[in-house]
Amino acid sequence: MSAARDLLFKGGRLIDPSSGLDGIGDLLVRDGKIESVGGAIAAPADATVIDCAGQVVSPGFIDVHAHLREPGREDVETIATGARSAAAGGFTAVCAMPNTDPVTDNQAAVGFVLKQGKAANAARVYPIGAISIGEKGERLAEFGEMVGAGAIAVSDDGKPVVSAQLMRTALEYARTFGIPVADHCEDPTLAEGGAMNEGLVSARLGLKGIPSEAEEIMAIRDILLARRTGGHVHLCHMSTRGSVELIRWGKDRNIRVTAEVCPHHLSLTEDEVEGYNTHAKMNPPLRSQDDVEALQQAVKDGTIDVIATDHAPHHYDEKEREFADAPNGIVGFETALAVNITWLVKPGIISVATLIDKMSCAPAKLFHLPGGSLRRGGAADITVFDPTREWKVEPSRFFTKGRNTPYTGRTLTGLVACTVVDGRIVHTVKG
Amino acid sequence: MTAPLGKDLLGLEQLTAGQINLILDTAVPLKEISERTIKKVPTLRGATIVNLFFEASTRTRISFEFAEKRMSADTVNVASAGSSVSKGETLVDTARNLEAMRIDMVVIRHPASGAAQFLAERIESNVINAGDGTHEHPTQGLLDLLTLRDHFGALAGKRVCLCGDVLHSRVARSNIWGLTKLGVEVAVCGPRSLLPNAIEDMGVKVFDRIEAAIEWADALNVLRLQLERMQAGYIPSLREYNRVFGVTRERLERAPRDVLILHPGPMNRGVEIDSDVADGPHSVILNQVTNGVAIRMAVLYLLSGNTPQLAEAAKGSA
Amino acid sequence: MPNSSSIVLSTRALERTVNRMADEIVERNDGTEGLVLVGIQRRGVQIAERIAARIEASEGVRVPLGALDITLYRDDLQTVGPRPVVGKTTLPIALDGLRVVIVDDVLFTGRTIRAALDELADFGRPARVGLAVLVDRGGRELPIQPDVVGTHVEAPAGARVDVFVKELDGKDEVVLTNGNHAGAAS
């Protein structure tokens, strides 16, 4: 399979933190590979020329944390709609969490996700296998076979690995296959029944709170187990200042800990819950302004390695209910870039190059995935975006089946213009 | 002039002191109706009110029902257990059905915090919160305020301590907002495991010892200790709770002044409050019950004037 | 047309009128036996008090006095917007078998009296109910007529008749105001 025509990206700002590239120039794609980068390139005959003036040409974004809901909840999202939504958000690859029904805990299930992902013909879909069979937290799933079938990491996401012994074994066993163990850090006894961040807002609204410590206790446990085992632990969706400090502590000691943060935790606070807004209900919950600022700084100083969406579509009527009963999660692909630019780049906290590192280069490197680079000869997974274009969030125009977002009606800055996977255009915006 | 109430009564947090006083002032003349031989005025004749109770409640439902009937409204009681996804229709479906039946007001009691607001945002009828989860119970807060005002006259500068399980108490939240807005100094007293972590940020004082609270307060509002809290491990035993936090006659007798005793009921005698206190000379627990009907009549009366169209028209002419 | 006001009853005239009304009430009821005065909130209450004082002065008997707030019995509550303030209703005794005289300041459409009759009925069954008003301004919308009238005023629909009493307003006076907009008081 190869693209029929060459693609020439003309006059864009080429940014590739993995090779230190940042400058105006052209980029030519041929046969699904990056043929040449930089300078002025004459358009080959038959080439499709994409005018990128005023735009950024970036290695395609990679999301290491997404819920595509298939198999099991195809009414909410399918791998096809999810991959298409991802492409619209500038993602050329997404990693599908295994908490589907049935759980992706064996090689056949991994193969299914991979097959549906290929058929989607949009963003690439990489399966993440479960740590434990059925995500029950009891017996290890067959990492070896799942990796053989195409799994790129393991996680019991949606649930924490409660047993420290099981987590220890998972880290040791995963090390054998060179894959990260991604953990959803949450002490279930502290978080039980919780619906939002514990604080003044939860006290006022009469909602049971989830204290920061529910996350932090598990984060430090995982870091210590990574130190003991030498395994690579990847901490999912970090949300508190305390977690940032613990990760920094681990990194200072060369422990193999990496961490991700979601756009919503970098932008919104628990105040969004006011009025019992179920679109602001997620796990981990939106925290305080102090936490948001700590996370922003952690992205800047490198304590946090990647930004991942935790894309979690729900049917509209599942969110249309009492707050405590509403499910957690928001859709993330199509607002991720704009939220990150609006809250991180525009205020001058990080540069566009750093953002590209967090959304593309670092995820590729940590999860050993292709892409994340504009180097000559590499896979032509490319995202073109306008970093200054403003647009209003209208969920009815989303490609995902989910409409659950707290950003509805907000004007954000940064629009994906074109997404290219394997040398083929999978998403483009006219005008 | 005080702004009238809005369409709904969801909590006391959103109300101004003026609006709270309007409700209390309206309740005062309404008390007399319950003393008549014919305990009924025609004010809400033809209005349909649904009492939607998703949680067991005897006294609040009865109090609302008396208030509605004394105002001549037609009432229907709907009792439904639980709100969980697995059981029956969702709250939004319930709301749509009520709307389709063209009812005028809904009184809702629900185990989920925010359920009253959820309903209010989806139907045009007036919604009265009769207790939502651990959020608010505004009519209880108002009747407590009225009872205190009946006794003390002006409330500003008085000291009221809420005793017990503040964490899970909607009565406590409504009291905290209502009392502080009327200039009352508010404190809470109870085991720290039953106080919200952020309680001091709500503008209240905290006492760890009931003796200190009694010494400080002009009135105690003793909250009901849900027996489930013990099973859930928030406190080790009811016996110890009574020993450490129980409001007893011995403790009250050591107080420098007479302390007024309120309790929202139903009481666990011998746990949070001893019988000789509940039945004692400084208890106004039955006055609270009497005031409850008047407060609910006042709320029904005041909200009944606030159909959205009329509120719009009133704005235009003001 | 700008508003033009004229005094219907001055302080002295008002006093004389109330005294005459008191005498007439006693006369019509054959004395004070079983007589109860019920003033309508708000200014009917003050007029009733003065009538009672006059009766006490002339007859040596203090007749029982009540106050009636008819707000909750109004027939226009669904159209008036924000709820009117509810006043106190206090009736001194059970009304069964008594001769009740309702006292109000101004009689206009008759709707207030209709509401008052409904409310009184909830307090028992008087032998007889009469009506005494300080001013009858005409314009009835219901078949209600007073037994005792202080004074008649021909007031067009847009005009206002305002009764001022010392206890609430600092002066005793009845004023007629011709205006373009409908009056508020009565």
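As written, the chain order gives the labels A, B and C, with residue 1 at the start of each chain.
In this text, a residue touches a chain if its C-beta (ideal position, glycine included) is under 8 Å from a C-beta of that chain, and two chains touch if they have at least 3 such contacts.
Since the structure is predicted, the reported quantities are computational estimates derived from the model, not experimental observations.
Centroid distances built from C-alpha atoms place C farthest away from chain A.
Nearest to the global CA centroid, when each chain is reduced to the mean of its CA atoms, is chain B.
Rounded to a whole number, the gap between the C-alpha centres of chain A and chain B is 45 angstrom. For the pair chain B and chain C, the distance between C-alpha centroids works out to 39 Å. Taking each chain's centre as the mean of its C-alpha atoms, chain A lies 77 Å from chain C.
Per the touch definition, chain A reaches chain B in the complex via residues 198-200, 202-209, 211, 275-276, 317, 320-325. Across the complex, chain C meets chain B through its residues 69, 72-73, 77, 79-83, 85-90, 94, 118-119, 122-124.
Looking at the complex, you find that chain B touches chain A at residues 13, 83-85, 90-92, 110, 112-115, 117-118, 132-136, 170, 173, 196-199, 201-202. For chain B in complex with chain C, the touching residues are 4, 25-26, 28-30, 32-33, 36-38, 40-43, 71, 301-302, 304-306, 310-311, 313-314, 317.
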